[in-house]
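Take a look at the structures listed below.
Look at the two complexes coming up: chain A is in both, with chain B in one and chain C in the other.
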Partner chain A sequence: MSTEGRGQVWRRLRAQRAAVAGGAVIATLVLVAVAAPLFTAIEGQNTTAYHPELVDSAAGGVPLGSFGGISADHWLGVEPGTGRDLFARLIYGARISLGVAIGATVVQVLLGVVIGLAAGLGNRFLDELLSRTTDVMLALPSLVFAIALLAVVPAGFPRPVLLVLVIGLLGWGGTSRIVRAQVLTLKSLDYVAAARLGGSGTWRIARRELLPSLAAPVITYAAVLLPLNINSEAGLSFLGIGVQPPTPSWGQMLSSATTWYEADPAYVLLPAGFLLVTVVGFTLLGEGVRTALDPRAASRLRVGTGRKREEASV
Partner chain B sequence: MRPWSVSSRRASAAAAVLALVGGAAACGPKDSGAKAGDTGAPRKGGTLTVLNQAAQEDFDPARLYTSGGGNVPSLVFRTLTTRNRENGAAGSKVVPDLATNTGEPSVNATVWTYHLKDGLKYEDGTTITSADIKYGIERSFAAELSGGAPYLRDWLVGGTDYQGPYKDKGGLDSIETPDAKTIVFHLNKPEGEFPYLATQTSFAPVPQAKDAGTKYENHPISSGPYKVQKNENDGEHIVLVRNTYWSAKTDSERKAYPDKIDVQSGLDAAVINQRLTTGSGKDAAAVTTDTNLTAAELAKITGDKTLASRVGTGHFGYTDYIAFNPKVKPFDNAKVREAISYAINRTTVVNALGGSSLAEPATTYLPEQASFGYLAYDAFPAGSTGNAAKAKALLKEAGYPDGLTITLTHDLTKNDEQGPDVATAVQEGLKAAGITVKLDGQEHSAFGEKIHNLKTEPGIFLTGWGADWPSGGPFLAPIFDGRQIVKDGWNFNNAQLNDASVNKEIDEINKLTDLTAAAKRWGALDKKIGEQALTVPLVHPVYKRLYGKDIKNVVISDWTGVLDISQVSVK
Partner chain C sequence: MTGLLTFLLRRAGSAVLVLLALSAVLYAVFYIAPGDPAQLACGPKCGAEQLAQVRQNLALGDPVWLQYWHFLQGIVTGHDYSTGTGTEHCGAPCLGLSYQSGEQVTGILGEKLPATASLAIGAMVLWLIMGVGSGLVSAVRRGRFTERALTGFTLVGTATPVFITGILLLMLFCSVLQWLPYPSYVPFTEDPEQWAWNLVLPWFALAFLESAKYARITRSSLLETLAEDHVRTFRAYGVGERAIVWRHALRGALPPVIALSAMDFGTMFGGAVLTETLFGIPGIGQKLVTSVRTEDLPVVLGVTLAMGCFVVLANAVADVLYALADRRVVLT
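So, the complex of A and B:
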């Protein structure tokens, strides 16, 4: 994609309000997550300190005060039982949610592209082998597999990295299949044939001729994968096999909060709300990116009608 | 012996039943709701519904592992002795059931003789004989009927080699039945607490002619006030109706007010508590024998006076504690163990277990009920939130002036008494004393295997213990008797304590048949062991359970800590 093409995509993306809103939400969340230590310092709290004086121990540990104990000191209230600060735990939880999801998506995309390219460009045997492996990966009940993997790895291994690897290694099948299909189409096009006749090797063709054209579908698919990965992490932590206490994560908070929906609704609504907003934000942004990269959508958006020839194949 | 955590979630019959043992409603001086259900005299009739999580998978007296005969099982199976069905401390006494008294011991408590009451009958009208009790006990030795408590095998002469009546027709010689109403037990060592053991369902009579082996549980022959009418899906739905041959004249313990008892299980805990809260239709006359209120449910109920009046509170003898393995550095150093004992913040631990209504801070290993021999002591006073200064001073003496980093092993199961919530509370509490705690969370069964195997036992971990009967014996002996260290297999003596004076005192107390005198010595022994800082007692849990609005005559003993369904009336 040329510079001019990039400019067009950007313009088409900005033309979609929902995508812009999604992007803004994501940007804010990323900023808050990155600057979490700063925010908690301003609030004067941390994720681990217990505040038994802020909960009613005799009543099961429900936070004192309204809306889950919201106060000037505890902006979003405190956790039932422990009295730990919810704002601090939520924004540190964002680091886990976003970090693991982005990391896992990168692993999935890298693996998917490499394997898809190899299958599309390799000989028949390699293609068969990789394609069947991809089928197996897609057919695997990945949640069950992830649970098994997470259970056998020693506790000493850093948990967020492990989650990135497990979610990443189990979820590259879709990307790989899309890339292979795309490569098979592109391979027969004139400009690729010309490159081959010009004496370019397979690796050079992959890098110079194919990868640029693969960018659009891969980015689109990655945008779909991201919110799914956020949910995977939350799900695994909800089941108690994701990040381990006292490290906070949204899934884990939701899991502890489920029983409190009547006695302390704020405790359930906060992590659920954050998770919802994040996933919706990523989904809107992803949809926007897909539309922006789709030249056929250009006319609908009434921007950037000038098209380049190579994009026609996208 | 019973570490609650190990067995209670195995979903084995044993565990289920023990949990089911009682019911819950009114014991202890702190209980204010006890009277609520007691308005009007209890009357006969009606159907009592029991809503449970765990199915009564084993309903064979040989396979049930109960404390005091269980809750539902005790309606069908009468035993030589049973627990006293009274509120609070009086309820931890052992009283006669089929027998005329709690047993006549020989001088050194190795021979125990029981005489049966007159007029005892099965549900078919035939007479209960001492031979049936002997046969019932012999069945519990059969490999195909495993699951019961291990005591008889350990205590009876020849018990370790006996294979049960199917393989070994000769029977067990150490149980004699000189006549149809007398039964004599010969033990291989003095056991003053034999009357407590005789409350377990393996002491229920089984007529040999009606024995159907592993199928006997589908319709065990009742000796109690109710007989089995229906048993569906392996104990998921059991219906009990009156046994017309049972006579209140021979049974002063079971009140048997309802005409019918409908036990429904396989329900989710939240569903059970929701149904008891709402109490519509048959649920108004419902109780649960295995579901406690959680912290969140308690938070909701506390604000509602009518609901709060339907909560039964009880104390089952149980202690959650931190265990040390003094064979692992740095816990070989008593000063390190003492420092941790001083540093512990019991307030956050109590809150992690549901708050002050569901857990009471513990400084003794023995539970606080008198029958255990409870002797108040606080060997390392930590106050309610920990004594960081004292802990730091001890660490300095021990050679750790800059603090200490340790790894605490715990169960990964959520809401478990040894789970992540408690572990993080301990972790946060010790921080103030400069002790950095790393957490080693293990999946439930892996956790059990790790802490109970001498080869893998970690230096410090969370655990808990509850006794099969309310006495200091089954609390202290399995954990601190040096001869009970199991080298290859499941070991409970976590501290690997093998102190000749402790072993000797355990033997001496076991000779006592005066249970009050024995209790006093158990208490003194607990204090003596407690001073060695081999454990850090954390809390004694409190049971809170809801019961339906039509439920009357709620009795909660200190033996089971839960409502006794043999006392409940629905009219």
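So, the complex of A and C:
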């Protein structure tokens, strides 16, 4: 994509209020997640310290005080039962959620692009093989297969990395299908034929001529994948098969919250809220990116290119 | 008619191929997994004596492809397992045997199927009513407000994980309003009324997630049909708007809705893991999770394969239904 094209996409993105809101939410979350140690240092808490004095052991471990024990020391209250600081656990949970989702999306996109390119450029046999494999990948209930894969890996393997790999390996089907379709269209265009006549090999054509044109659809689809991957990680951790304690994750907090929703609603609402805001934020941003990159949709936005405006003013 | 027959045969053939590929991959994963396969199959609490039996049953001395072949053979013809006291016959389709509980996977599936089916059927009825209904309304009353409401509903509905919807429903109806008791599954054969009351919340949780998709599809295909020439001709002849929508336009929206339902119904059988776990419904999904927790790998393998089966079957059925319902589809 040329610099001018990039500027134009950026302008179209900024013209959409919902996308800007989603982007702002995500940017804030990423910032908080990256600076999590700083924030917990300011608060003076950590994710693991137990505070039995902050929960009412007579009432089964419900946090003392209102709204789940919110206080100047514990900004979002404490976990029922253990009294661990919720703010610290939530923002460290954001690290897991965002880290796993972004990592898995990268794996999915890389695999999808490579496989889609190979299917689109390869011979008939390779195309048939890869396309059928893609169909299978898309048809599978990926959550079930993620569960099965996670079951066979020994407990010692670092869990977040494992989640990135499993979610990534099971989710490349959509990208590869889109890339293959794009490649088939692009292949027949004159400029690719010209490159071929000019003596470029398949690899060079893929890299120099096709990849740049694939950027827009792939980025659009990656934006759709991100919130799905956030939900996958949360779901697996909710089932107790994802991130293992004591590492905090939102899905895991929600799973333990299922026994507390009556006594301590705040403990349910906080991780649920964080998760929802993140997913909706990514979805809005993704929708905006799609509109910004789609030349047909963009005309509805009534955002001219910079150049046109200049011409008009002259 | 021959076109339809070849289409059906081709579709069935590709479904079988997919299932074969699936079983091979699953088997390979379990074989390649680090550690002793016998120990993996038997579980962490397995004694030396039992381990030797497992080794004999799995015939670990044979080459991998032969082991896989025996596994496939077991599915078609059944398989004999030697236990401490004698042999246990696992009838076809034999998907394996749990060394921890001594149960056969097929038996487990049969036992857990009613709960999963209860969940899937009720949820599907609800999401069809909610989804098609709201799609219909928003297509007929076109306007900024309905359009925005539907977009918002679709966005939140599809983005919210089912366990969040579920917990919020539990909080609202069981804890705050106290209209419903905390759900605990009652089999239909025992007490149909209690069965329904205890499944209402999971049904709604799933329907909320799924119906958004149906609303969008119904709306877009209705709008498409309503803009077609023949509908304009009906209008010109003075056919009422109601008749146009119900008798003509809705018919055009049916094929995608039917196909999608078939697919989602299959996925429910293979993937209502989260809903079943949250609401404590003793179905296939919950069994999968508990087997993972107890490291009962033969059950994990068998159940996963069965779930893949349901989904592949549902996809094939969806394709066939779509082709039958929409005569515009060219059969290949």
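Methods note: the second predicted complex is superposed on the first by the 303 of 314 C-alpha atoms of A that agree within 3 Å, B and C clash if a C-alpha of one lies under 4 Å from a C-alpha of the other, contacts with A are read in each partner's own complex, and residues count from 1 in each chain.
The definition used in the following text is that contacts are C-beta pairs under 8 Å (C-beta built on N, C-alpha and C of every residue); 3 or more make two chains touch, one makes a residue touch a chain.
The structure presented is a predicted model; accordingly, all values stated were derived computationally and were not measured.
Novice: With both complexes superposed on chain A, which partner does A:Pro265 reach: first (chain B), second (chain C), both or neither?
Specialist: second
Novice: Mind working out whether A:Gln244 is in touch with chain B, chain C, both or neither, as first, second, both or neither?
Specialist: First partner only.
Novice: Once the shared chain is lined up, is A:Ala118 touching chain B (first), chain C (second), both, or neither of them?
Specialist: A:Ala118 sits against neither chain B nor chain C.
Novice: Now for A:Ala148: first (chain B), second (chain C), both, or neither, which partner does it touch?
Specialist: second
Novice: Determine, under the contact definition given at the top, whether A:Ala59 touches first (chain B), second (chain C), both, or neither.
Specialist: first
Novice: Once chain A of both complexes is superposed, is A:Pro80 in touch with chain B (first), chain C (second), both, or neither?
Specialist: The answer is first: A:Pro80 touches chain B but not chain C.
Novice: Residues of chain A touched: more by chain B or chain C?
Specialist: Of chain B and chain C, the partner in contact with more residues of chain A is C.
Novice: Using the touch definition from the top, say if A:Leu130 reaches chain B (first), chain C (second), both or neither.
Specialist: The answer is neither, since A:Leu130 touches no partner chain.
Novice: Of the partners chain B and chain C, which touch A:Val179 in the superposed model: first, second, both, neither?
Specialist: Neither: A:Val179 stays clear of chain B and chain C.
Novice: Just to be sure I read the superposition right, which of the two partners does A:Leu254 touch: chain B = first, chain C = second, or both, or neither?
Specialist: second
Novice: State which residues of chain A lie in both footprints, the one left by chain B and the one left by chain C.
Specialist: Comparing the two interfaces on chain A, one with chain B and one with chain C, the shared residues are 151, 240-241, 255, 262.
Novice: Going by the contact rule at the top, pick out the chain A residues touching chain B in the complex.
Specialist: On the chain A side, the touching residues are 48-50, 52, 55-62, 80-83, 151, 155, 240-241, 244-246, 255-256, 259-260, 262-264.
Novice: List the residues on chain A that touch chain C in their complex, please.
Specialist: Touch list, chain A to chain C: 132-133, 135-136, 139-141, 143-145, 147-154, 227, 231, 234-235, 238-241, 251, 254-255, 257-258, 261-262, 265, 268, 272, 275-276, 279-280, 283-284, 287.
Novice: Can you list the chain C residues touching chain A in their complex?
Specialist: Against chain A, chain C makes touches at 14, 17-18, 21-22, 26, 29-30, 33-35, 40, 155-156, 159-161, 163-164, 167-168, 170-171, 174-175, 267, 270-271, 273-274, 277-278, 285, 288-289, 291-293, 295, 297, 300-301, 304, 307-308, 311-312, 315.
Novice: Could you pull out which chain B residues touch chain A in their complex?
Specialist: Those in contact with chain A are residues 270, 294-300, 302-303, 345, 347-348, 350-352, 354-358, 385, 412-414, 420-421, 423-425, 427-429, 439-443.
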